[in-house]
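Next, two complexes with chain A in common: one pairs it with chain B, the other with chain C.
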Partner chain A sequence: MLDATPKTQFKREALRINSCKTCQPVGALYAALGVHRCMPYSHGSQGCVAYHRTVLTRHYKDPMMAVSSSFTEGASVFGGKSNLTTGVKNVFDIYQPDIIAVHTTCLSEVIGDDLKAFIQDLDIPEGKYVVHSNTPSFKGSHINGYAAMMGGFINYLSQTTGQTNGKLAVFPAWSEPSDLRLLKSYLEQMGIAYTLFPDQSGVVDAPMTDHFEYFPKGGTTIEEIQGLGDCTHVLGLGEWTVPEPCAVLEKKCGTKSILLPYPIGIQNTDRLLMTLTDLTGKPVPYAIEEERGQLIDLILDQHIWTSQKSCAIFGDPDFILGVTSLVLEMGMLPKYVLTGTPGHAFPKMCQALFEAYGVEDQCQAFEFDDLFDLHQFIKNDPVDVLIGTNYGKQIARAESIPFVRAGWPVLDRYGHYLWPNIGYRGAMRFVERISGAIMDHVDAVCPDEDFDVVM
Partner chain B sequence: MLKTRYGTDWLKVNFIGIEATKKSLRDIANYFGNQELIDQVEAVIAEEEARYAEDYAYYRSKLSGKTAGLYVGGSRSHHYQLLLKDFGVSTVLAGYEFAHRDDYEGREVIPSIKLDADGKNIETITVQPDPSQFRTYLTPEGAQRLKEAHPEIELNDYKGMIVDMEAGALIDDDMNQYETEELMRLVKPDIFFTGIKDKYVVQKGGTLCRQLHSYDYSGPYSCFQGAANFARDLAASLYTPVWGMIRVPWKSRPAILAHTVVGGED
Partner chain C sequence: MPHTDILTERKNFIGQGGGKTVCCDRDSVSGAVSQRACVYCGARVVLNPITDAYHIIHGPIGCSSYTWDIRGSLSSDDELYRNSFSTDLSEQDIVFGGAEKLTRAIDEVVAKHHPRLIFVYATCIVGVIGDDVEAVCRQAEQKYPLRCIPVKSPGFSGNKSYGYRMACEALMALIRPAPRPAGRLGVNLLGDFNLAGEIWIIRHYLEIIGIPIISTFTGDANYDTLMQSPQARLNLVQCAGSMTYLAGQMEEEFGIPFIKISFFGREDTSASLIRIAQALGDSGLIARARAFTQEQEARLLPFEQAWREGLAHKKAAIYVGGGFKAISLIRQFNAMGMETVIVGTQTGKAEDYELISQLVGPDTVILDDANPAELERFLKEKGADLLVGGVKERPLAYKLGLAFCDHNHERRHALAGYEGVRNFTREINLSLNSPVWSYMGGSI
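Right, the complex of A and B next:
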C-alpha cells in the first residue's frame, strides 16, 4: 500500500503528504461539546462541519451534533452576517440549546467576517448565550482550535465577583472522555472542589438508553464557566495546549495558573497529584498510591519486552509528550517524536525529556511534519514499535512493525474512548498494549521452535 | 563411570561465558592434539571475539562493579559466575538446590562423603572395566605429554564451584525461602538469578531478579553471541528507569507546601 514510499528524503517547504493534523474547527467543535447544553456552530459552508462531525463521530461512535451557517455563493461574496443571524435564531428556536459556540472556518476568515460585531448585533433570547472563537484553518491545527474555543468561552462568560468560590479550575488539553472521568475521580477521591473545563465525558461517551438526546447529561455548565474567575487557581494540564486559555482567564479575571505536563506516565501523574496536594493541602489517598505501585510492578514484570526497544510516536503535542515521557520511563527509546501541529516549543519540550534520560543523541522531535516523512525516517532507520493515531496503520503494515493505536483520531477501532490514557491506570493500559503489540509480533513471525505459550 | 568401564576420558566443559567457552574449545582441541582442529578453534575464537568486541566492551562498562547472587541447579550456579565475571560482575552468593559436596568442593572430596539418609535411598552402582570394549584415546605417553604441554587441562577431574569464587562470597546449599530473604537482606546483590517461583518474591523486595531456568524468555546465553545477549538483557534490566521510581514521591518529600502557589506568574 505504501510500498512505494522512497527511502531518499527531499526537503519540502510547502507540501505536506499524509498530514498529522486536522483543521482548527474540529478542535473548536470538540471543545464546545464539553459544555453542557451547548450547540457547536460552524460559521462557513456545510461541507466543513460535515467533515468535522464525521471525523469526530467516527472516533467516538456517538452523535456529534453541530450546525452551520450554510454559506453559499451569496454569503461568500457579501459576508455571512445574515446567515449567522438567521442561523442562531433557528437553532435557539428548534434545538433549544442554552448556549451556541460559534467558530469560524477558512471561508469566513478569508472574507473577514467580524464575528464579535455580528454577535453584538444579535437578538439573543433571555438567559441564553452566544460565544465565538476565530479558528482559521490555514494556521495551526485542531489543537489550536480547541484552545481558541476555550478562550472564546472564557472571554464571553467568565467573571470575578471579588469573592473566591474556593474551587480549583482544571483546564485539560484535548482529552478523551475516559481521561476526564479519571481526572474527576482523582479530584473527588482527594475531596477537592473543582471546575473541569471543558468536560466532554457524558457527552461523547453517553450511555445507551432508549431515547436520543441532543444535549446529554455531561459538560461543564455555563455557571461553572462564569465562576472560573472566582476559582482559587487554574491548573493547566498540557504545557503546549492550555497556556492560551489560562492566559485569557488571567488577563480577564486575574486568576493565577499553574501549568503541568499532560499527565500521561508515572512522573507526570506524580506531579499532578503532588501539585493538587500543594494547592489544596489534601493528601493523596492510598487507593491512588496503590495504583501507582501496581503500575511500577507491571513495568518491572514486563520490562524485558520493552527495555531498550525503540519506537516512533506521533500525534498531538501534549498527548505525545506524555507518551514520550512514559516510554522513557519504560526504558524505551523514542527515536522519532512527531507532530503535525506547528510550534517550535514542541521539539524543545521533547529535547528536555530526551536529555533527562541521556538519549538526546538517539532521539529526534519534529513539529509541523507529516507521516510521509515519518515513514521515510523509519525506512532509513527502523523502530521496534509505532505508537500513534490510526493513520500509522499503513506505515506499520508496509514496514511490518507492531502498532499501538493512541491519541486522536482512532477511526478503525471501538471502545478505546472508554479506557484512560492518563494517570496510573492509563499508563498501565499503555504498558499492556505496547508490550502486547511487541509480543504479538514475535508470535506472528518467530520460528516454530521459538513459539511458546509462556513468555 | 564411562571412564572406568570403557576408558573414555572426560573433560568438564562449559560454554557459558566468553573465557569459559574459549577454554572449553581449546581444551577439546588440545586433547585431540590435531593441529588443523587447534587452528580452526583459534580462527573461530578470533572471529567471534572480533564480532562481539564492541558489545562486550560496551556492556562491560555498564555492568562492571555490580554484584550477583545465583540459586539455580545443574551447574548453572557455577557456570554463570564465569559469564558474570567476563563483564566485571562479582558473585557474592551462590548455591544449588540439589547439589552434592563435590559440586561445590571438587571431586577430591568424594572419598570422604558420608552417606546420608537420602543417599542411602539411591542404589550404589559399582562399575568394572569391560575388557572387550575398553579403549583409551590417549596412550599413557600421550596423556603424560598432554599434562606437560597443557597443565591447565583438568582431564577427568572437576575442582568444584568454590575455587572460582572470591574470598568472602557466600555459599548456601538448598536455600529455603526464609534463608533466601535473609541472605538478600544481608548481601544485597544488584541482581539475583533464580527460578520463576522466587523471581517475584525477590523483585517485590526491590532487587532485580532474572530467571536462569528459562533464559527469562530471552536468550540464548551460551557461547560468544549468547554472552552478548546475556549482557544486553542484564543491562536493559538494571537500567530500567522505574527502579528509581518505586518510592512514592509524595511520601518522601520533606514537607507538604499546603496552599502555596507552585507556578504561575505574579
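Right, the complex of A and C next:
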C-alpha cells in the first residue's frame, strides 16, 4: 500500500517530509502572468524556471511562458549581470513582450546580485518596461513570492497624478482564473469601475484557437497598474497575502486600503459585497442575492450529511482560511487546518474562527508544517473528509477518506480552474463536492441493505 | 501575432536531415524559453526510482517539492521513494551554513526509520554557501550502518546530461564495494525507469528467452538488487543519454561489457532481443530469441495492418529527451507508414544526430534544445499532424491543434516492447482521430 507514514509521531526539526508549500519564484511567476503581455523572467539557473513552468502547466494544462538567465558556473561566481543584460535583450528581440517581470532565485539572492542596479543599467527599448522583485525561497513560500512580485510591479509602475480616476483597485490573494472571472462579474453587475490586479484570467485559461499566442488576451494592463495610485481605494482580498502589496501602494501613492478575508463562504462573500456597497454606494443586485438564497437552500437541504462531520484542510493560508470559514458555516468540524507557509498570523486567524463557532477545543491550526505531520495526525485521530491539493490523495487513499481537491496545485484532474471557489457560486460548488464525496464514500462502502437510490 | 524569429545564437542548433549535424550539448541561451532542465533534475530523475532509498534534497524547498513523486516509475515493493524529503533551508542556514541541519536531518531519518540507503542531493545554493556535503555523508556512514551517498548536482554546473552523469557517479559509489562472485548468467538493464511498468514487460520477454535480469537501473530497483549488479555478465543500456556513462564505468571496473538496446518500436524491440542473446553468445538463447521475436512480430503484423489505414501518411514531429528514443520513434513511424517531419531532443549527442539525419528525409528539421517559438514555427511550416513529447509540449501541441502522445514521465500506458507498439498505436490513433478536432477554429 502507498503508505510509508508511521503512526507514532516523533520530533522533527531539520527534516521536511512531503512539503505543503513551494518556493517564492513560482508565485512571482504566477503573479507576472496576471499582467498583460508580460514575460516572467527568472534570474538564476535554467532549472528553477523549468520546474515552475512545469508545475503551472500541470495545473492549468496550458503552456506557460517564462524565461531564465541560464546561470552557469561563471555567473554563480562573478554575478549574473551579463546574463541579465543578454537575457533581457533576447526576450525583447524575440518574444516582444511589453514588460519583463524579473524575479530572483535562491542562487541569485545568495550571490547577492543587485537587481535594482542591474536594471538601471539596462538598455530598455522605448515604451517597454522591466520590473523586479526579490524572491529568495529560503524565506516564506510561493505565496510570499506572489505578494512580492505584486509589490515589484507597483514599485516600478504605479503613480499618482493627484486626481482620482474613480476606480476601485482590487488585489486578490493567489486566485484561480475562474475566481477572478467571478469577481469581475460581481463588480460589473454592480456597475463598479475597477482595476483588478493581477488578473490571470484569459492568460492561464485562454480558449482554444487554432494558433499559439505567447501573450493571450488577458491580464492587467501596464496603464492600469500605473493608474493604481489614482484609484479611490484598494480592496485587498486575503488578509494573509495582500497586506504587503497594499502597503507598498499606500506608501508610494497614498492609496488607502481595506483588507477583507478571501471571499470563500457565506460570511466572507457577504462582507465583500457589503464593503463594495459601502465604498461605492451601489446596491447589490437581485441576481447576486438570489445566488445567496440558493446557496443557503443547498446547505440546508444537505445539512444532515455534513453537520458534525470532521475534516482536515490544507493548502495556502488565505484559501484555506476561506474554506475553514465555509465548513464551519456548514456545521462541520475543521479538526486540522494546516499550511506549509510560515507565519504566526495564520494559526491566530484560524483560532479566531474556531472560537466564533465554539469549537476551539476540537480544532487545531498549523503553520510551516507538512503533509507527513498531517498524515500522522489523521492516523491518530481520523477525519471524515480531507480537503486540499492533489498531494492529499496519498493520505486519502491510505486512510480511505473521502477527498475533495481544492487549492493550488491540483495536478491530477482537468477543468477545475474553470469553476469558481469564491462567492456564492463557489460555495455552492464546495458544498456539492463535499457532500458528494461523503455520500460517494457511503455508497462505496455501505452494506447492500443500506444502499439506497434516494439519499 | 506570434513571433517566430530564431535567435541568432540558436541558428547552429537547428539542422536538416541528409547527414548534416547540429550543435548540441551546450547550455541554453539567456532569455530563451528553453524546454531544458537542470543538473539536479537530471540526477533526480535517474536516481528517484530506487524504491527503498531516502532521497534527501539538501537545499531550499522548491527544488524538492517540484520533484515529489513525478517520475511515474512503478514499484513492485517499497513505496518510500514516493515521499519527498528536504532540509528546507532557511535564511539562517544560508548565513551560517546548512551542513549541520543536514546532519540533523539524517539523524532524524535514522531515529525513526531504518534506512539502508540515503542519497543526499546538493542543489545550487549548497555549493555556493560552502556546505561540505561529502563530509556529512561520510560521517553518517561512520555513525550508522547505512550507505549515504552525496549527489553533486548544483543546477548551474551544466545541463540535464551532466546530472545524469552525477547520478551515475553516485550509483558507482554505491555499488563499487559490492562483493563480486564470478559472473552468473544474467544481465542488468540500464536506463529503464519502469514507467507504466515497462520493465516488467521486458523482464517477461527475457525470461521466456531464458535470460534473467539481475538488476535494473533504476526502475523498480532497491538496495539489494543494485548490490548484485556487479555479478551480471552483460549490461543492456536502454536510455543511452542517461546511462552510457555508468555502463562505461562498470565495464572498466567490473569488466562487464555493454550493448545499447531499445525496446521502443517493433523493429528495435526484436533487434535488441536478438542482439542480447548474441552478445551472451549462447546458441540456445539466440535460437529462442529468434523464435520469440518472430512469433511476436507475426502476432503484431495484423494489428499494424489494421491500424495502418488511419495513420499512413500522417506527419509526425518528435521532441523528446534523449537521442536514442528519438531514433526508435522514427523507425516506428516509418513502420506505421508515417513521415517524421521534425526531430528534436533536449540532450541528444552528436552521434545521435548523425544517425537521425540518416534515418529521415532531407526536408526533416532537426533541433537541439528547441524553444516553443522554434517548435511552433516548424510544426506549422512542416504541417505536422502529431507531436510526441513531454509535459511541456502537450499543451503547446493542443494549442496548435495537433494530436499528442506523451513519451515521457506522464505516459499513460507502457510503450515498450510489442505491447508498447499496440499501446502507442492506439494512443496516437485516439488523439489523431478524436472528434474534437472537427470543432476547432469554427464559430457558433
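The definition used in the following text is that the second predicted complex is superposed on the first by the 452 of 455 C-alpha atoms of A that agree within 3 Å, B and C clash if a C-alpha of one lies under 4 Å from a C-alpha of the other, contacts with A are read in each partner's own complex, and residues count from 1 in each chain.
Rule of thumb we're sticking to: contacts are C-beta pairs under 8 Å (C-beta built on N, C-alpha and C of every residue); 3 or more make two chains touch, one makes a residue touch a chain.
Since the model is a prediction, treat every value here as computed from it, not as a measurement.
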- Message: Once chain A of both complexes is superposed, is A:Phe153 in touch with chain B (first), chain C (second), both, or neither?
- Response: neither
- Is A:Val454 contacted by the first partner chain B, the second partner chain C, both or neither? first
- Touching A:Val284, do we find chain B (first), chain C (second), both, or neither? first
- Task: In the overlay, answer first, second, both or neither for which of chain B and chain C A:His303 touches.
- Result: first
- Task: Applying the touch criterion given at the start, work out whether A:Arg58 contacts chain B, chain C, both or neither, answering first, second, both or neither.
- Result: second
- Which holds for A:Tyr30: it touches chain B only (first), chain C only (second), both, or neither? neither
- Message: Can you tell me whether chain B or chain C touches more residues on chain A?
- Response: C
- Which partner does A:Cys48 reach: the first (chain B), the second (chain C), both, or neither? second
- Where does A:Met274 make contact in the superposed view: on chain B (first), on chain C (second), on both, or on neither? first
- Message: From the superposed pair, tell me which chain A residues show up as contacts to chain B and also as contacts to chain C.
- Response: none
- Message: Help me check something: in the complex, which residues belonging to chain C touch chain A?
- Response: 2-3, 5, 7, 9, 27-41, 56, 59-69, 78-80, 82-91, 93-94, 101-105, 107-109, 111-113, 124-125, 127-129, 154-157, 159, 372-373, 376, 391-392, 394-396, 398-401, 440-441
- chain B partner contacts - residues on chain A that touch it in the complex: 233, 250, 256-259, 266-267, 270, 273-275, 277-281, 283-284, 289, 292-293, 296-297, 299-301, 303-304, 307-308, 328-331, 357, 452, 454-455
- If you look only at chain A, which of its residues touch chain C in the complex? 1-4, 6, 8, 10, 12-19, 21-26, 41, 44-48, 50-55, 57-58, 61-63, 65-73, 75-76, 83-84, 86-91, 93-96, 105-107, 110-111, 136-139, 141, 208-214, 340, 372, 391, 394
- The answer for chain B against chain A in the complex is residues 200, 203-204, 214, 216-218, 232-233, 235-237, 239-243, 245-246, 248-250, 253, 256-266
